[in-house]
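Here come two complexes built around subunit A, the first alongside subunit B, the second alongside subunit C.
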Partner chain A sequence: MAPRAFQPSTIAIWLFLLPGIVVYGGVVLTPLIGGFYYSLFETKNFQFHWAGLANYVRLWGDGDFWFTLRNNFIIILLSVIFQVTTAFIIAVLMNSRLVIAPKFLRTAIFFPVILSPVVTSFVWILVFDINSGLLNNTLEAIGLGGLQQKWLDDPKIVIYSVTVALVWQYIGLFLVIFLSGLSAINQETIEAAEVDGASTFQKTIYVIFPQLASTWSVAIVLAISGGLKIFEHIFVMTGGGPGLSSTVVAQYAYSQSFLRANFSYGNTIAIAIVVLSLTLVSLTIWAFNRFVVKDRI
Partner chain B sequence: MTGRITLPAILINAALILFALTTIFPMIWVIYNSLKSTAAFSESIFALPSDPTFRAYVQIFEVGTVWTAMWNSLFYAVASTTLIVLLSYCIAYVLARFEFPGRAAVFSFFILGLLLPIPALLVPVFMQYRTIGILDTQFTLLIPYTAFGLSLAVFLMEGYIRKIPVELDEAAHVDGASLFTVMFVIVFPICRPIVATVALLSFLHSWNEFAFATTLIRDESYKPIPLWLRTFGGQYATDYPALMAGMVLASVPIIVLFIFFREKIVEGFAGGAVKA
Partner chain C sequence: MYVIPDFGRRLLGSAMVLGALAGAPASAQDVELTFAHFLANKSTEAPNVADAIARFREKHPEVELKEQISGTDEYLTQFNVGAASGEVPDVFMMNGSDTTALVAAGLVGAITPEFTADPDWGGRTPDGMTFEFSRDGEVYGVPYGQIITHVIYWNKDIFAEAGYDSFPATWEDFIGAIETFKEMGKTPISLGNKGRWVVVDPLFGTLVARECGPDFVPQVHSGEANFTDECHVAAIEDFKQLVDVGAFNEDANSLDNKQQRDAYLNGDAAMFVEGSWALPGILDSGNQSLIDATGIALWPSIKGKDENASLVTGGAGWSYALAARLEGAEREAAIELLKELSAVDYSRSRMEIGLLPAQNMAGVADDIEVQPLFAEFVSNVGDGTWQVVPIIPTNMPRSLLDVSGEALQDLMVGNKTPQEVAEAMQEDYDRSK
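Entry: the complex of A and B
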């Protein structure tokens, strides 16, 4: 925007910006700098000793760290497959005039998004409860009692159980993202395809999909950054257990700090998560712009 | 409505409605089971309460810790929402209207907050708060709640202000209005729709937040409702109706807001995500 006749002094501009920058910088920027600083020390009995990059060397060789990171990637992969893709399919169906109550569907599917993670975690604790749970009881009621599981207590399946809870809660977010993407695409191209006799499937793949490339990029970025943000649900549902089986990186940083009182190492993990997340997000955006999105807005 | 009634259409509708029911049923199940006695619950977890009782709610209110938690949450949510609206409007207005050195940097700085893995900041923020000595106070949680709400708020507001013709501001200025008057008397009222969206989203986030609360607050008297629910859920793990009543209490304000303002809330979430 070109400078206008109506332009206050630079000082006046910064006076308006300053309060927000101070509050936000004090929670986002200075802790990151402080966190990096502490990660260069070693903690023993709440005493800090200079350690250089020793914590990062330890992190590189820490199998538990890689295991918890792998859990994040399982969640990310499953949310891209089940959450993002399902949301896309539902959005396309809802846009297709076949669906009788789109408003109700959208509101109902979006509803869990607004609930507190603590509440939804307890909802899923109750669903997965071995004896009184909704899931095991439903399985028994419909004669599939053989499929009953210790959903949150079996280390082999617990990571998938908690992923179900996450997918359930946030699928509505991806749905409204795709719906708003769909509402912005050119309806004439769809009608033209219909006139040419394209099937619903052909319309979706050849007409709608390419026009939604930037929406897909948003959804994938959100799934990746969201997958690395997971903390509260698992903290409440399983505490990361049994053992480490459902621990994600953010909780690993937390338990190293508060249970092992190793704040330096906790900070090291925190810094690693931030760097990793920003790198992955930038790479995804770059890859989409480079290879997929043709017409940037 | 105009679609023909064909078998695929019926199947698709049935599948979607079934799916939508699975998203709302668990919460409905929680609500009606909170009205059962423990005996009635263990008899059948599916049946509607034949003899509804408010026993669980009475019990929770008698213990009383829930009042403090509700008051705290209300305070955190209202105070942080007010701060977010005020601070983000100032920033967004200046970013949308003026060209100045550092403009792009300030904008990116705030957008960064949308991409940061926020739980990774728990330990560093805790360390900083411990060093300064501001853990466990009435205002401790206000700072992170306000800060993390700012990114999205700046984003939504900046986009909205940009669409208001700048000629309006200039005409007012020519007529002798000060910058302050232009911002708060002329333009702010026009921004009411986006202010409402920002306020709703901020309120929801602050009311629901758990991670920072559990990290920065130990003192019972400052615990917000999600933290209360987690403690309560641990103590009443076997009294399912009581746990469910606690979950309902923690969600009531959120559900009421959603019922009245669902269009605005959905719009805000969609708009915020697309810009991220």
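Entry: the complex of A and C
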């Protein structure tokens, strides 16, 4: 226990916390409470009329909302599989002696993270272009012309196409998270495994992976919350189309509020995103604590 | 010389948006006026709006005019949030689809007394041009110009190659021409519908007029017609037929309207369909052989309904309007600004760049030299060759544009049937009206 002489007074603690509380209250809690308040109204002719829970009843039966949420879940699932897992594999490789110029690779892989989503989306529009895009042209050049697709115009594949752009851009973020996790691993356990003759694969699975469980849960929580609030890439690449094919919930909320001037229903969707996000994140943390890690997050 | 035909809360707004949109009087002598619009920078309309504002500033040095210029999408977002918070700028651009809502909310002021009393203002503006901005006999907005929202720009050389010396007169011939263009390896109709409005308005709206007649919009307003009516569903089926025969490029829903023009200007497409606002882009392309080869047309006669064959959707879409709260000197200054933005000089400069004015310019624009293609426009509109009927989205609640745009994209990719598209539109109209 720290000596009392080094413990600041209660007033000092609150004074230091005050700026953070004010900012958090202003930019997070106030809009959240305001959003919930206005979700209890009906917007008509730029005016608000009390509607109780009518918007939530409508949301429950709104097939378009559930369809857009399905798109978010596809993005989250693919992000966890390809983004987080790939980042973990790259991180392990970069931490081993198998990779040359790891610093350069780390910078190169992290670089897309700092770019604006609008910029990367335009790059991917060029890649996916039907006639002159890099992807279709490459497929043709290597004799796989039969695999050419309407990447952004086919409703069956468009959500997967936009997910590729997302996975590519943020893989570096998860890489950095795993690299920092790896740096905190007790090196003696790895050396002990090496002395015992463990292969790289065995070290990764039986030594490194269990010690990175907390890092994994942070990465998955970030992938879930990021996947639920995704907006810019899809807005730029497809506008959510064709039809509703690539629309995600945040964009559905945007279009209800600003394109259809239905602010109340837009707020209702936004509140639903918050509730879903908190629920999924809580479940993930609970599952990790229950089944994977012994040290609580 | 020509005559334009007589056709028929508060919390939501953040402090930043309110601060940007709200205006306030400055002092006893001077009047401060805010004017929010999006007709600047890359807009075709920018020069004539800027000129009109310069003329206003010269005539009214006592007024401090503050322009709040943004892009169209940003303008709509800011305006919506402001209006929902009970605040609009002093003078602003009002879309026809917002007229009912802004009047009901008491945010837009009627300008009827001044508008009708001035022969050079209301007297020069045909009644049909204020249809979108009038409610219960009161006028709330001055049309910013006239637009024809459906025009087929067609390449006569490509049509000649396909064996067509003139634009097909019937729908069946038109479909036949599309099939020929496909065999030639040309895109029949270049389409860039990422923004969704291109299909809703330039392509689909006039099909509705052709199937349902000229009074569909007023009939929907009065409850006599619905979007699920047989004729409206038939119009959706006509559009679907175009999709099914492969009239459009495969990436139609991931390109924008500028890209659809580019494909036409490059000679890759036989046609593109947009509004009259696309004409300056062709005239300024610098490609004289293409300009010479370009013709303008409307959808041909459909299913023998020849009586509707000259119908085309048009109007203004947008207007200049003032806040209901304005009084005294502020209101007078705002009225003067609206007059300047619809004066003869303003309309002349529209014509000079190839855009239709909202005013009857008889006797005041004879000296303007216009390019043949624009002269054909003016003549078609002026002599009744094209009979203008109301634009659907700008005469309906705001949400219908997005809902129908999404539903028609779904139709294009096979996710919705014509009946389902019609039902989606009716459901939204019933909820929003």
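Here is the rule we go by: the second predicted complex is superposed on the first by the 270 of 297 C-alpha atoms of A that agree within 3 Å, B and C clash if a C-alpha of one lies under 4 Å from a C-alpha of the other, contacts with A are read in each partner's own complex, and residues count from 1 in each chain.
Everything below uses one rule, namely that a contact is a pair of C-beta atoms (placed from the backbone, for glycine too) under 8 Å apart; a residue touches a chain by one contact, two chains touch by 3 or more.
Source: prediction; values computed, not measured.
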First (subunit B), second (subunit C), both or neither touched by A:Gly61: neither
Partner chain(s) touched by A:Tyr24 [first = subunit B, second = subunit C, both, neither]: first
Touching partner for A:Ser277 - first (subunit B), second (subunit C), both, neither: first
Which of subunit B and subunit C A:Gly172 touches, first, second, both or neither: first
Which superposed partner A:Gly34 touches (first subunit B, second subunit C, both, neither): both
Contacts of A:Asn262 with subunit B and subunit C, given as first, second, both or neither: second
Dominant toucher of subunit A (residue count), subunit B or subunit C: B
Subunit B versus subunit C as contact partner of A:Gly143, first or second or both or neither: neither
Partner chain(s) touched by A:Thr215 [first = subunit B, second = subunit C, both, neither]: first
Partner chain in contact with A:Gly197 - subunit B first, subunit C second, else both or neither: neither
Subunit C-contacting residues of subunit A that also contact subunit B: 34, 38, 125, 257-258, 263
Contact footprint of subunit B on subunit A as seen in their complex: 1-8, 10, 12-13, 16-17, 19-21, 23-32, 34-35, 38, 90, 93-94, 96-101, 104-119, 122-127, 132, 134, 137, 141, 168, 171-173, 176-177, 179-181, 215, 218, 221-222, 225, 228-232, 235-236, 249-250, 253-254, 257-258, 263, 266-267, 269-271, 273-274, 277-278, 281
In the complex, subunit A residues that touch subunit C: 34, 37-38, 43-48, 125, 128-131, 150, 152-155, 237-245, 255, 257-263
Complex interface listing, subunit C residues touching subunit A: 9, 11-12, 76-77, 80-81, 83-84, 86, 98, 100-102, 104-105, 107, 194-196, 250-254, 397-399, 401-403, 406-407, 409-416, 428, 432
Residues of subunit B defined as touching subunit A within the complex: 1-3, 8-9, 12-13, 16-17, 19-24, 26-27, 29-30, 41-42, 45-46, 83, 87-88, 90-91, 93-94, 97-101, 106, 109-110, 112-113, 115-128, 131, 143-144, 146-148, 150-151, 154, 166, 169-170, 173, 179, 204, 207-208, 210-211, 214-215, 225-227, 229-230, 233, 240, 243-244, 247, 250-251, 254, 257-258, 262, 265-266, 269-271, 273-274, 276
